[in-house]
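All chains are identified by letter, namely A, B, C and D, in their written order; residue positions are counted from 1 within each chain.
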Amino acid sequence: MKRIAVFTSGGDAPGMNACIRAVVRGAMYHKVEVFGIRRGYSGMIEGDIYPMTSRDVSNIIQRGGTILKSARSRRFTTAEGRQQAYDNLKALGIEGLVAIGGNGTFTGAEIFFNEFKIPTVGAPGTIDNDLYGTDYTIGYDTAVNTSLDAIDKIRDTADSHDRVFFIEVMGRDSGYIAIQSGIGGGAEFVVVPEDLSEPVSSVIKTLKQGFVKKKSSSIVVVAEGEKEGRATEIAEKIKKSIDVEVDIRVTTLGHIQRGGVPSAYDRILASRLGLGAIEGLLRGQKNVMTGIVNNRLVYTPFIECITKDKPISDDLLRMVHILS
Amino acid sequence: MKRIAVFTSGGDAPGMNACIRAVVRGAMYHKVEVFGIRRGYSGMIEGDIYPMTSRDVSNIIQRGGTILKSARSRRFTTAEGRQQAYDNLKALGIEGLVAIGGNGTFTGAEIFFNEFKIPTVGAPGTIDNDLYGTDYTIGYDTAVNTSLDAIDKIRDTADSHDRVFFIEVMGRDSGYIAIQSGIGGGAEFVVVPEDLSEPVSSVIKTLKQGFVKKKSSSIVVVAEGEKEGRATEIAEKIKKSIDVEVDIRVTTLGHIQRGGVPSAYDRILASRLGLGAIEGLLRGQKNVMTGIVNNRLVYTPFIECITKDKPISDDLLRMVHILS
Amino acid sequence: MKRIAVFTSGGDAPGMNACIRAVVRGAMYHKVEVFGIRRGYSGMIEGDIYPMTSRDVSNIIQRGGTILKSARSRRFTTAEGRQQAYDNLKALGIEGLVAIGGNGTFTGAEIFFNEFKIPTVGAPGTIDNDLYGTDYTIGYDTAVNTSLDAIDKIRDTADSHDRVFFIEVMGRDSGYIAIQSGIGGGAEFVVVPEDLSEPVSSVIKTLKQGFVKKKSSSIVVVAEGEKEGRATEIAEKIKKSIDVEVDIRVTTLGHIQRGGVPSAYDRILASRLGLGAIEGLLRGQKNVMTGIVNNRLVYTPFIECITKDKPISDDLLRMVHILS
Amino acid sequence: MKRIAVFTSGGDAPGMNACIRAVVRGAMYHKVEVFGIRRGYSGMIEGDIYPMTSRDVSNIIQRGGTILKSARSRRFTTAEGRQQAYDNLKALGIEGLVAIGGNGTFTGAEIFFNEFKIPTVGAPGTIDNDLYGTDYTIGYDTAVNTSLDAIDKIRDTADSHDRVFFIEVMGRDSGYIAIQSGIGGGAEFVVVPEDLSEPVSSVIKTLKQGFVKKKSSSIVVVAEGEKEGRATEIAEKIKKSIDVEVDIRVTTLGHIQRGGVPSAYDRILASRLGLGAIEGLLRGQKNVMTGIVNNRLVYTPFIECITKDKPISDDLLRMVHILS
């Protein structure tokens, strides 16, 4: 393999730039030419592809977002779009790809390989930490720290006014951000999508215990779940059904969780995974995602990453209960 | 004056603890006894009042919120409530008050003095910076930095996806936080309550200019105004009336703006104003708010602080326009 | 076991408070009385021991340092001192101990058990991450993030002036902080105590390669090693032996690395380890340190933790080389 | 005036990029062409000058350092060097300059004007806040916040171990950073260059008062003064002359104070001053520095800025004393 390309796709995550840097520098170290594709599959179809060198990735390790940009591409879901993408890669002599992204990204790569035999190695870039095949995804640690910083700030206000705060964090199918920022923030209760029981009565029970213990303020962390607004919904129900007088507020952290200077953990993880991806690709890996499992670099077939669940440990849910 | 008390009232603001510390240590320096009243006028009525010493305010200068807590008191709006408050103060021999808060706090203090002749000196503690009689209020600088930090994070995501973001910051009657975090965050447009014109067409015009300049992402900062949700409302209107295809997102910063470790500026401002308040009270000031105007400590009658406006400089609005 | 005590000992580390909180709340959950011992073995000898409840550990999870304080105790190295400590514990009916600290702490606990049969379970609290028996120690992740934040700041200045900076980080026998903050900070070279070769010529070679690549600034991260000042020493040698004209500066990060708000990772790690320590103690563990190895909670005999090495992975050193 | 150039010179300061951005965008708003000169007077002599547009200053408002870089130039102190600089500017048709820097920068500009009649307007960029003609200089607020953040971290350790810490901050001739970070950090004593008395006995007196009050830890902030190492020197003297047993540590903050994401205050100040500089130049101002005095934009002749002192207010020194 003489020439490869790297791109980012799906929601951006802090540390993606550190990963791009590792791919580019790793490629150069192994004397392989490397191209950057802008805006993921969109840029692949539009031919927005340019050669990269070591200098293009200078001084980006600490930057949030992705210098290669990201976008959704409807055209890549069509055979015509993928053909165009392939033609562009072929014209440039690109023989392999490193894809930084999540489920959707790897699904696209899998389909693309089946049609055109261009191998891809993936690196897991998503704040949600919901990918099977790696203990942590790039951006997750930063997102938890950002949420925690927000929870710390809100605790100041909650304590000053003896209020109950419902804080909604990101996490559509996965409560990882919620559970870890809940434990770290000393939350009294955490609502996660994985728990299918109706949380309202449990929250009420916990809050009442707090009143008995004379806790003057409480924090409930809620993963957004299906769609934004879950915290508001739960808070409304509780306001109606609680008999003690409490001052309840809701705040939704929103997009701040995706941005920011990547944490040490994310920079190192992204560097390891980026280097693992390029070196895996050069050694013949294909259609696998690189991950860190039990501190070791592993490659897992895309198909497993996409289809298998990564459940939250019961230990963590137990910790919230004991420590609050 | 041998014995005074200090309390915080209204919304909490970062730096209130630094101000409490300065009042307590200033009182002790001048050999005056000082009491703390918990939860503002509520605690004054309930007699939740305790003696404070230098040690009670150790290691609090860097903490957000207020160790004296804050609350709204309906009873203090009644003659009976105020009588009870006075009886409690009298029983403890408290001869003067330092009140850290905003408009509502000072209105209460003014009424209380007219009835019971207990003098109050106020210190302006509110993140909104909407008080006449001081260039800056305690908590404002921290709130702007918190907003700016959030805007920086969102800019990462906006740039990575070529999106337009509407970011709602606090500011009911005042656009101070919006204008300063907008300039500092390099926003393309800022919507403030002081501007009575319909912002939608101006925002559209600015966004279109950006598209011409090939700016790939934009940030519009919106002060919440009358009630939360203004950013969503404006964004909806724009989505309907804009003809180019743009990916528009809305995020509301919410309560994180009230909390957090106070900035250097707020700690020093709070220390100066707290010391100014206690020393003013001891020198016979009453029913005035201490403030910093043109770098000098001044005292302004409550009545002026409450009734006079503090307009945003036109220079700042002009700067947003030129620099975006 | 009906009554236990917890203490912190050795250098303080961010997250120790989160660990104390988990021990106290875990004990209460299991209906066991818990006492706090101030200033480690010193307080044990002086009888500075007090009962703790859930409220004593409210709102401390986010605080740096240790509310139980820490100190070195010469008297505990004497038989008389340890006898006094034992007498105090016995008088209070304390049957087991949780010790949060490092090598010295656990050595003391081991000796104490041999003499008086009071079992101890340890939790690894040290920023150096140099303890066998756990992948990470409490405080390490925060210290790396603090170092990284400093390196990012210094990189601004290095880039603006085309300078070479030598940055000395903590790490007496261990290069963990150096290597991870070096990778995360994009350092051109990292000097660690584990590498016994003379680093000067390697650093010079790397710097010269940078000049060839027209890198305009460079960062070299140096672990302090035996004693503070190693970075200065190496920088001096290099100034003398390099033939190109370069502006070389040295900065020593010092004690800021020990303090600060603990990171998400450290709060969760500390919570898990604190809970693991108290529950281990109650289940009959003794003279072991609780740790997380490959994401699982494990107990390792003190004697192994003290005597076994925890080498830095060669992969990390290789990464610095490839990515710089 | 149809064409101007902007450069940064002297030590870098956070906010310089925000100032460059304001100059460039201000120039474009007024339909004036703008060039950037790299590495200050060095680049002016070497002809390292390039045209800038609005896009060159996109997304830089939040970055530390200076994208135009900075350097010292010995050649500019010679008539030959300045002639070369003039020839380069003339060849490009540059009619006026905006210089962002400090004393040395403005001295150079003054001499240059006397010889070649190219007018310069300056903007004060230095973390030391030691320039007459403005209440605050660009970078000062960020530097104080950085120092404060370090002091907060060190306080964690000082409290945990009952230690006395001497913290050395920047400030050669000026104690501004020391005094403000000392007040904000709740320091027990602040040593500034402006105070010519021997500080050792005063520090000892203060420390002893603390021991009487049973303060368990103390922070002394020391401005570096003539050369780095002052804190160590004072600490050594005190160790020798104090009779109580105290654990004294010294830490020097060093270059981290120059870098980092600029604070809200610095971004807005830099924007105002940059815009003020370019608009002043276009309106015919020359050899003046733009500043903010009592919240108003003013222009002060370089000669006054260079020669006049800006003393620290006695009020601030008094505050340290009362509040500690």
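In this text, contacts are C-beta pairs under 8 Å (C-beta built on N, C-alpha and C of every residue); 3 or more make two chains touch, one makes a residue touch a chain.
Bear in mind the structure is a predicted one, so any value in this text is a computation, not a measurement.
Between chain B and chain C, the least number of touching-chain steps is 2. Set against the C-alpha centre of chain B, every other chain centre is closer than that of C.
More than half of the residue-numbered contact pairs at A-B reappear in one of the options B-D, A-C or C-D, namely C-D. Look at where the CA atoms of chain B average out and do the same for chain D: the two points lie 29 Å apart.
If you average the Cα atoms of chain C and of chain D, the two centres end up 35 Å apart.
Between the Cα centres of chain A and chain D there is a gap of 39 Å. Within chain A, the positions touching two or more other chains are listed as 152, 155, 159. Pairs of chains that satisfy the touch definition comprise A-B, A-C, B-D, C-D. By the touch rule above, chain D contacts chain C in their complex via residues 8, 12, 14, 39, 63-66, 69-71, 146, 150, 152-157, 159-162, 165, 249, 251-256, 258-260. Within the complex formed with chain B, the residues of chain D that make contact are 21-22, 25-26, 29, 54-55, 58-59, 61-62, 135, 141, 144-145, 147-148, 152, 155, 159, 180-181, 183-186, 213-215, 261, 263-265, 267-268, 271-272, 275, 294-295, 315, 319, 322-323.
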